[in-house]
Amino acid sequence: MLLPRNLKALCRLWVADRFMAELLQFVISGLTVGAVYALVALGFTLIYNATDVVNFAQGEFVMIGGMVSAFAYAAGVPLMFAAMLAIIVAIIVGLILYRFGIEPARGASSVVLIIITIGASIAMRGLAALVFDKQFHKLPAFSGEAAIRVLDASIVPQALWVLGGALVIVAALWLFLTRTLFGKAVLATAANRMAAQLVGVNTSFVMSFSFAASAAIGAIAGVLVTPITFTSYDVGTALALKGFAAAVLGGMGNPLGAVAGGLIIGLLEALGAGYVSSSYKDAIAFMVLIGVLMLMPGGLFGKAHTERV
Amino acid sequence: MSRLLSSRYAALMFVALVVIVPGLMLNSSFYLRVGALIFIFGFAALGLNLLMGYAGQVSLGHAGFIGIGAYATAVLPTHFGWNIFAAMAAGVAGAGLIAYIVGGPILRLKGHYLAVATLALGILISMVISNEVKYTGGPDGMAVPRLEVFGFRLRTAQHWYWISGGVLFLGIVAAQNLIESPTGRALRALHDSEVAAGTLGIDAARYKLIAFVVSAVYAAISGVCFALLNGHITPDSASFLRSVELVTMVVIGGMGSILGALVGAALLGLLEQLLAQFHEVETLILGLVMMAVMIFMRDGIVPTLQRLLFSRRAS
Amino acid sequence: MTGVRCFVKSSLAVLALPVLMAGTALAQGTVKIGALLAVTGPAAFLGEPEEKTLKMYVEELNAKGGVNGQKIELVIYDDGGDASKTRTFAQRLVEEDKVVAILGPSTSGPTMAISQVVEDAGIPLISFGGAAVIVQPMKKFVFKTPHSDRMACEKVFEDMKKKKLTKAGLITGTDAFGKSIREGCIAAAPTYGVEIVGDETYNPTDKDMTPQLTNLKNKAGIQAIMSGSFGAPAAIVTKNVKQVGVTVPFYQNHGVASKSWIDLSGDAAEGVLLPAAAVLVADKLADSDPQKKVALAYKTTYEKATGKPISTFGGHAYDGLMILVEAMQRAKTSDPKKVRDEIEKTKGFIGTAGIFNMTDKDHMGLDLAAFKMVTVKGGNWQLAE
Amino acid sequence: MTAPVLEADGVGISFGGVRAVDNVSFRAYPGRVLSIIGPNGAGKTTLFNLVSGVYRSDSGRIRVNGVDATGARPARLAQLGLSRTFQNLQIFGRMTALENVMVGRHLRERHNVVLHLLGVAGGEHATREASEALLDRIGLLSHAHEEASSLSYGVLKRLEIARALATEPKVLLLDEPAAGCNAVETAEIDELLIALAKSGLAIVLVEHDMKLVMSLSDSVLVLDQGRSLVEGPPNDVARDPRVIAAYLGVAAEGDLAGGRMPGGTHAAT
């Protein structure tokens, strides 16, 4: 399914070796989880690029995506519309966050802005607990639950949706930022807000847009992953943590880096759990993270001089 | 000079009042416990403020050092038969040593990269605490032996109110000493202009490391007090959320303000109790309060109030 | 300096506020019962049904005239599952609210953190935490209503023994509950002739456990897998078990005993075995079963009031509240020490979790018989015995 | 002639393929003032940043006080006796003027964190006295306890010099010390620098005020597009046709010698 036929035949020679099957299963697991982190990291990246804000409420967008679509679906709304509703709600929340949380504090130091987004994430969690509930919820998998066998390993179809979604979003984001005028305006705003304003970029609009788009990315991620990971009012924190780590590992502000960072952390966790110790698998990921930063202080794809703190 | 001195003593007097007056007026161990917790976390936040507000470096992993102090106090006497005072000292020294070893390489990182590296460090520490069940009791936590001084067992909230209040007071004195010392000037200089500080002979790496180690020691001391106050500790004390809470205390109270750390700790500590009555909306309100404080007082509560007070006097 | 004085005053006022509020609430003729529940945080799915249950039944009791002629006033604090927070609130319940007894906390760690507080205060505590350490070694004022986690292992191993399965793999969370199951299973295994051949863990926030399960599946000679988990991870483990193609019997535990786990796991839940309280299969119990009436009544009341399917967790709160209230009625007073003595004398109390027989050596009072082996068939609970 | 305190031999640096400073050499001697001039963008400030360790030179060698300091960081250079000021002020805004100067005494203080925490640091008094003396010398004693961020630009320019002097340097690098100062302030700085040179300090100056340069300098180094163009006594340099050409060939000799360099208005090509 994943591999061309001749390669598949070649691989089949090794299938007898359980090692290969195990490795493949770990890699599949790592990529699936990593794609979730990557999607969260992408949201971080976009807002960071346009506004310099590290938005710790990014995980809450994922939560909103999951919760709204799960409740709408449970209420009988078709999945497609439930997903769209979730994205719209997330965009509205994102815009509100920008308008009433970030814009009034413009010019404040980055750590102050971080505390504002942490406050926002706490408030959003509290609100979600009130509006929804504190139980776990799910969405049906888009293409059924039956696992696909790949050379003795197995993958659930929804994982392909998540991976595909991450790819599509990063490609779209990349094209948008580099190929469209508006995308360039976003990058210009990131590089120098004042200069961007001078050349006629409506920076306030660019920044609102980045919040809306990040919220949408988060919500899409929420819809895509909920069939696998489920959702509840407080899934945001853990996701934000890993997403932030992924974004930084890849090089803060670089969309490709965000995806790479997410996949690497996911893979490290899965391989760590499979081969080393399941209790310390996160420790392995974090140690590698520290190690990489020691060698590359700007992350894998970051440039040292783009440092803006 | 005189202004400096008067503001310094005013601050100390304020802290002394904040410790003594409620301590004499409150006779319920619940209030005394809330007070003690505020002092204890205020103490840790004070240390973190030296790092954030003066050395200009952020740490999202400081609860890890609280955990080291707390668990050393519990684990060493329980499993290794250490004298509890030796265990406390070892916890504090251990945290300082780890900060010293790890700080060297990671403080070369800047901004968000440093934030993530410290975050990872904190998580590693809390992971060890949760996973080494044999020694730490894992997620259930473990009992902490009671402190005995001259055959007198220090265990009530009242004891620890006064002890942690005293520790906080001394911590503030020490922090003020440090800030006004050559080391403090070097740190403040680094924060304002690293380049200029460098050309004056200040070794940035060395002073960031000093601030990191000092703040880790403060956190560990706070952890020791926390463990002894509670008599039972769980890995929550070292969790990522606790680290975030500390950073929040510092920023809300006012970075670079000695009193700020205490005010930040008091705000969060009292809010938790005030909002407990309305626990349906507790989280929501807490988040909104945090946002509002930061939007309307972006320098933090203490510096903003100081400015208001100062300008009123001037006019 | 006026500013300073003003600040001291206002901070004192802030501190004093809860006292005033508590003061006004302290009316004559009521008896105050405290509750510490993880209404938010990772254990919120425990705290939420517990809170609903307590509120619902206290209201019902009060409508019937309360206990010993006094209305019950319930003071609930949300501890978020944090041990230190719980301890502060425990002290608040004892000192400020002056409650006569405390129900909860929802989980084991916070229970351990506050045992000393209730021991010192001489107030009975009925915990909803699962770990056996809560009541072993026994503390004078500390009781619990859920089955001990170790009992879940014993029940599972009993079932395995019946089926002549001797080699089991464990997969548990690194949270307090998972740890408790893991330790319980490792300790209980030799008694039942079971060998633990694989021991994997995961973090409560993990999203995929296939690597761990792949390792277990490939362990030589493995004959069964036992999971110690609750909440979303429990459903993820269940789905992953199916995904990696585990063919040996798969046991879950009482931590998943809610309809929500079946819903989340979908088809993967079919055929999974687990020990659970009778309340889960209330309508399927034989009419002769003494628990049927109580279990069915709780189920009906809860589901009618909340519109949500019951879980055994809310049941633990029901059991705790009722054991306490009956003890108060027997003591004919709400004096904490006398109530404690009566709680210890609880005999033959039929609760949702089983039939409680407490003694001065057993502050839980449940035996293995309280557990039913259940399974999932057609998306619903089924007795497996 | 006495030995140079600062020797730069063939230093250079590139930014993204552009050779900002290329193979520049100069020497600074005790008691003498060396001025570095050139059109805007000629690389003067970059050269300063190279020599003071803010940037790392990718070629050549730097010696301070006879010790090889190639690639050394600013703190090390300060230890060797090199101090500097900045074109765009790098004042510690949240400290008082006095504290700014006291920071300059850093290398002359004993540093023990534990003692500092305990508040028993010795030598504080000496630092304070020395700093007050410096402020007095530079005429800023009345501003000693004002927060630096509230002081005027001209005052800060001088404060930076005082701070640099507090390190007791052997060689002082001044990046446009008179920029933004009025005539009175400029004259004061002029006077100060002469006195400093007299006391045996080596001074390296980047300055646009040609009057100041001409009156102060013992020697002038002209940079153009990152390269060293001419070095020599001020009057020779002012007459050098290459220098005039570098200033776009429009500035007459007299203008160059007597007035402000037309750097700001004529962009260097």
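Read from first to last, the chains carry the letters A, B, C and D; within each, the first residue is number 1.
The criterion applied here is as follows: a contact is a pair of C-beta atoms (placed from the backbone, for glycine too) under 8 Å apart; a residue touches a chain by one contact, two chains touch by 3 or more.
None of the values given here were measured: they were computed from a predicted structure.
Chains touching both chain B and chain C: A. Among the chains, the centre nearest to the mean of all shown protein C-alpha atoms is found for B. Inter-chain spacing, taken between the CA centroids of chain B and chain D, is 42 Å. Averaged Cα coordinates give chain A a centre that lies 34 Å from the centre of chain C. Centre-to-centre, using mean CA coordinates, chain C is 72 Å away from chain D. As a whole-number value, the distance joining the C-alpha centres of chain A and chain D reads 49 Å. Residues of chain B found to touch two or more other chains are 131, 282-283.
Of all residues in chain D, none touches two or more other chains. For chain C, residues that reach two or more other chains under the stated contact definition are 39-40, 174. Taken chain by chain, the contacts fit none of the simple shapes, being neither an open path, a ring, a star, nor a full set of pairwise contacts.
Under the touch rule stated earlier, the contacting chain pairs are A-B, A-C, B-C, B-D.
Remark: chain B residues 10, 13-14, 17-18, 21-22, 25-26, 28-31, 33-34, 37, 130-131, 133, 138-141, 143, 157, 226, 230-234, 236-237, 266, 270, 272-274, 276-277, 279, 282-283, 305, 309 touch chain C in the complex. Residue ranges on chain A touching chain C, taken from their complex, read 18, 22, 25-26, 28-30, 32-33, 36, 129, 133-138, 145, 147, 153-156, 225, 228-230, 232-234, 238, 269-271, 273-274, 278-279, 281-282. Interface of chain C with chain B (complex): residues 1, 3-4, 7-8, 11-12, 14-15, 17-19, 21, 39-40, 76-78, 82-85, 87-89, 91-92, 94-96, 108-110, 112-113, 115-116, 131, 133, 174-176, 179-180, 183. Across the complex, chain D meets chain B through its residues 52-54, 73-75, 77-79, 82-84, 86, 90-95, 99, 102-107, 109-111, 113, 115-119, 121, 124, 127, 145, 163-164, 166-167.
The residues of chain A lying in touch with chain B in their complex are 54, 101, 104-105, 108-112, 115-116, 118-127, 129-130, 237, 241, 244-245, 248-249, 252, 279-280, 282-283, 286-287, 289-290, 293-294, 297-299, 307-309.
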